[in-house]
Amino acid sequence: MSKKIGIVGATGYTGVELLRLLVNHPGVTLSYVTSRENAGMRVDAMFPNLRGYVDLTFSTPSDEQLAECDLVFFATPNGVAMKSAQVLLDAGVKVIDLAADFRIKDIALWEKWYGMTHASPDLVAEAVYGLPELNRAAVQQARLVANPGCYPTAVTLGLLPLVENKLIDLDGIIADTKSGASGAGRKAEVHTLLCEAGDSFKAYAVAGHRHQPEIAQTLSLMAGCPINPTFVPHLLPMIRGIHATLYAMLQEGNVDLQQLYQTRYAAEPFVDVMPAGSHPETRSVRGANFCRIALHRPGNAQRVVVLSVIDNLVKGAAGQAVQNMNLMLGFAEDTALRHPGLLP
Amino acid sequence: MSKKIGIVGATGYTGVELLRLLVNHPGVTLSYVTSRENAGMRVDAMFPNLRGYVDLTFSTPSDEQLAECDLVFFATPNGVAMKSAQVLLDAGVKVIDLAADFRIKDIALWEKWYGMTHASPDLVAEAVYGLPELNRAAVQQARLVANPGCYPTAVTLGLLPLVENKLIDLDGIIADTKSGASGAGRKAEVHTLLCEAGDSFKAYAVAGHRHQPEIAQTLSLMAGCPINPTFVPHLLPMIRGIHATLYAMLQEGNVDLQQLYQTRYAAEPFVDVMPAGSHPETRSVRGANFCRIALHRPGNAQRVVVLSVIDNLVKGAAGQAVQNMNLMLGFAEDTALRHPGLLP
Amino acid sequence: MSKKIGIVGATGYTGVELLRLLVNHPGVTLSYVTSRENAGMRVDAMFPNLRGYVDLTFSTPSDEQLAECDLVFFATPNGVAMKSAQVLLDAGVKVIDLAADFRIKDIALWEKWYGMTHASPDLVAEAVYGLPELNRAAVQQARLVANPGCYPTAVTLGLLPLVENKLIDLDGIIADTKSGASGAGRKAEVHTLLCEAGDSFKAYAVAGHRHQPEIAQTLSLMAGCPINPTFVPHLLPMIRGIHATLYAMLQEGNVDLQQLYQTRYAAEPFVDVMPAGSHPETRSVRGANFCRIALHRPGNAQRVVVLSVIDNLVKGAAGQAVQNMNLMLGFAEDTALRHPGLLP
Amino acid sequence: MSKKIGIVGATGYTGVELLRLLVNHPGVTLSYVTSRENAGMRVDAMFPNLRGYVDLTFSTPSDEQLAECDLVFFATPNGVAMKSAQVLLDAGVKVIDLAADFRIKDIALWEKWYGMTHASPDLVAEAVYGLPELNRAAVQQARLVANPGCYPTAVTLGLLPLVENKLIDLDGIIADTKSGASGAGRKAEVHTLLCEAGDSFKAYAVAGHRHQPEIAQTLSLMAGCPINPTFVPHLLPMIRGIHATLYAMLQEGNVDLQQLYQTRYAAEPFVDVMPAGSHPETRSVRGANFCRIALHRPGNAQRVVVLSVIDNLVKGAAGQAVQNMNLMLGFAEDTALRHPGLLP
């Protein structure tokens, strides 16, 4: 029997991407798609790519209606899901938050980075960090999943085999990351106008970015000791895609990295370890729920360079959320996610 | 039982797009993917988006092997399919040519525009022009389909209801068309480099373009009299998408165009008549097999402006070819084509 | 002695472009650069390209200070200049409005299209429409210049020789125009985000655009009878550049258009009639105060297609404003404007 | 009296950029612009942005004619200048090579990276590495200048104050660099087509890039000991601009980096040290001969991150070449180079 799905806050890019992926999911029915500001508007009037696929109107969020769902996605700004999650969980609804409300276990740290008081700190401990490659079993049992950030997905998957096996100097990790502009969301702001972000390139938030503590938390858990990588994000003049260039120093040079990664990810449906010497392109995962990784050891014998690409809206957001939903609701993990990237 | 499919010349953009669409088709098996130049290379080494989906190696084209297929696509340059089609048809193989070899019925006209002698003029008469919205029944019976050009698809679908009903002045039709750079193919040429075609816009081939006689032929057939529209193509600084802005003068002002178009296309799975006053965006059909149309009557009472968008690689090439294949092989017409556009 | 220049509302794209052009003008000094919202901020903190060239801080607009200037540019939204122009003119200051306040002579028509009551209708009659190719002598004598709109500049220069000489059917003119996103200004809006306007193409305002009556007014004046062209604007996925594709029917076929245009524009420093058969690219005028024009007569004997390109921020706004300033203040017309376009 | 200038191989992007800059230089006359392949073609037929500025035709390169010049630029592929330089120098002509022929002092190393035998190894020792910020006095005296590579310019200027003062761990330097596609030149190749390089991002040549030994040579000379930085280049989906993100570890934390850089570059006309905490955008130097630098010390106390941007065709090629020419011919160093970047 088809599962009833709700999406809260579906007017942003992760929202429309959830809709694009879910319309072809054979096991679910879209029941409610909410937007406080656009209630009453047809969904396909805002997103014409969905004409013929989504016959729904944005409704005002209502806990009562959402409680009828089997699972609810929050594709809302930070600070929204934490206010409604408890009510839904109490009603037996499973919840996936695509924002950051349940990602950071240290409440004080979260409050510092996100600039607000956490409304349901008790749920943070329960929430499972929804990176299936790390927490698959826990996701399957979870009521509440914190869907990872886009940068953390690309960085963590890129470093995971090295950190799990403590093969690198944990002090000197550098994550030089680049993201398409859709990572900034569908917000009326000057700095992401075509005329501002187009045909140009810059770093941003070098002094500190909210995804740094999220990455640090996951790496530290994997290593069993504190890791505090240098994390520098940049804005690409394009729409979709993250490329993480990861630098580390091997503790010893005598490691077959290619074999290590291939073995670690052999059973993973959505992580692709490319042949040695490859240079993954973000477009190879455009619209697709993949992380493609390539390994390099240039010049300096101990230096390793890992290249990791995802589509920030898919494996970095909505696709990973559907992957988590599949695990939580008992569907095959790749349902509705078996599509090649759009190239060119 | 699964149908065996061959693709000749699969190293261009229509080739990789055919592959992207067909990997999820439940009724077909990719048997041969040929490339004279790249024989021996893995397909997914050239197109990494297909890693995990296509486990094939480019082979040298061989009529003997292709004759084992149920249907063969030619995604080759102009002038290739016309040399092999007869052999394959004789062997009982159905053929879809994505190039122009069988589009123009007037052999002399074709030879003038394409600069070569036609190798199989007899087949031109048999070939069905594969615009399902016009020739569905014939396509279903066809052995040989000439897949329409990208501009002709957008222009013809945009004008069809007006021309079929002779509602407009047939002498003054203007098609101002704009295409993304993928229409020029995956060829090493200076004028389509990112640094030449990017961040700029220009018209080209204003003196004459091969798609003009193709459009003229179809419109003339629909109207039953010669039509010779003014056709001006332009190159957009983007990858996918065609936008046709079509200008005509109504014979009389008292027509409900919106109703006319909605009725004409009511049963069409891949033509979407948008609400009056809409402005279709090419991105709404990115990667999707749709033509979206909107109608306007600005200012001047008799003037009609039709806006028509497609993805040139999908409804303008590979998607339409798969739609034709579905009709020719007896699959549901929309098999493997039910996907929303990628937005943003 | 150096002329004192003020710029009101210099935080938009026409403002920064005025600054970029004027920093190398040997005859002027930038005295006041105002912005109500950003008063107190260094100009080069907002526009880092000006670091080392502009040592000014945005100030709050003050009629008293502006009255010290020799000439003031209004790079403000529509409706601002009309409130201050009289005061400045009374103080002997010359004024160039880059917005639309003084472009339309018919006050009622202006008020209909711009949705506000005109604050100084008396000045509209005095204002000179600042297209030097049409009104050079008047501009030289003017106290108040209405700088033309971007589309009207490209369209009018493209049609001028045909209309002045009444060589075409005045009823059937079509202007299919395409603009980069900078034409929409530096405003926080969703529809011009990189993720909305990038990698896509659409028409907009087909039902009616404010530049249509401006074009109609100029063409009608030139022809001495009412002309009401069909005008359809489109949004290009790039930053700078307008391309107008202009369609008309010659009254008789026996005209040497190339000669006509070359003669008409022979003495013009900023209009370039390209060789017959050319396809002007917008990038050839990127950052440059040029209009490049090419003429075509495809197929149909009476049909003429004119291609006209400008940089919307230069010849379509700030560059033309500087050209007007040079005429008004007695400088050589091309001072500070002699730079090739930035290609690639 | 005006100096006579020749440009050999002016059909690439550095060639057209030299022309764009030199047309406004008051002290030079363009005498010869050569292209073996396009001899007889007007320069402005290939580069229409130069219409009205360059009234020359490409000629076949001739040592005899070039010997009449005061200075000749080689904007040719690697391996061309080394064959002609000696003849020109013997004739008293000064030479600036924009390619790599004279950049690497170690002939064997050069031959390994560039895959050819050096034709004039004796001149390599004489050639001055044309980074004025490092070698101004030597450039002023030079007959032969090796114009630096684009990446080396951005990286070297970004690291210079740190390396000169040996403030950082010289073993762990990382240069994560990103370049627009114009760095690959105006060559008919598939991988830099709009449809390949557009709307995507990737690293390339991670195993080794020719600019790595050039950077290593300069840094080693500055430090007085061997430095072998990790250098990873990436391809940006845009035309112009390089962004270098440079990582190093300070030997001790107690350094005022901002002061150090401001002092080092205080007298430099084309290096701009931005305020602490800035994020330089490549567009701020689009078309301009600037290097903009910003300094960051995020998180980890000893970690320093330097952001350095240039326009690869200007400060990274043609602009720097003109700067060197000005020094060699006795013009003011900034002649023809005083223009703000084109923003937006």
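As written, the chains take the letters A, B, C and D, and residue 1 is the first residue of each chain.
The rule we apply is simple: a residue touches a chain if its C-beta (ideal position, glycine included) is under 8 Å from a C-beta of that chain, and two chains touch if they have at least 3 such contacts.
These are the chains along with the protein names UniProt gives them: A, B, C, D = N-acetyl-gamma-glutamyl-phosphate reductase.
All values reported here derive from a predicted model rather than from experimental measurement.
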Pair with more cross-chain C-beta pairs in contact, given A-C and C-D: C-D
Remotest chain, chain B as reference, centres from CA atoms: D
Separation of chain C from chain D, taking each centre as the mean of its C-alpha atoms, in whole Å: 36
Distance between the centres, which are taken as Cα means, of chain D and chain A, whole angstrom: 39
Distance between the centres, which are taken as Cα means, of chain C and chain A, whole angstrom: 45
Per-residue overlap in chain B, given as positions that touch at least 2 other chains: 13, 180, 182, 186, 195-196, 198-199, 237-239, 280-281, 283, 286, 344
Contacting residues of chain A [partner chain D, same complex]: 172, 174, 176, 178, 180, 195-196, 198-204, 206-208, 212, 228, 230-232, 234, 236-239, 241, 243, 245, 247, 249, 277, 279-283, 286, 296, 298-300, 303, 305, 307, 309, 344
Interfacial residue positions of chain D with respect to chain B in the complex: 13, 180-182, 186-190, 192-199, 237-239
Complex contacts: residues of chain C adjacent to chain D: 13, 16, 19-20, 23-24, 47-53, 182, 186, 199, 239-240, 272, 274, 278, 280-281, 283-288, 290, 292, 313, 338-344
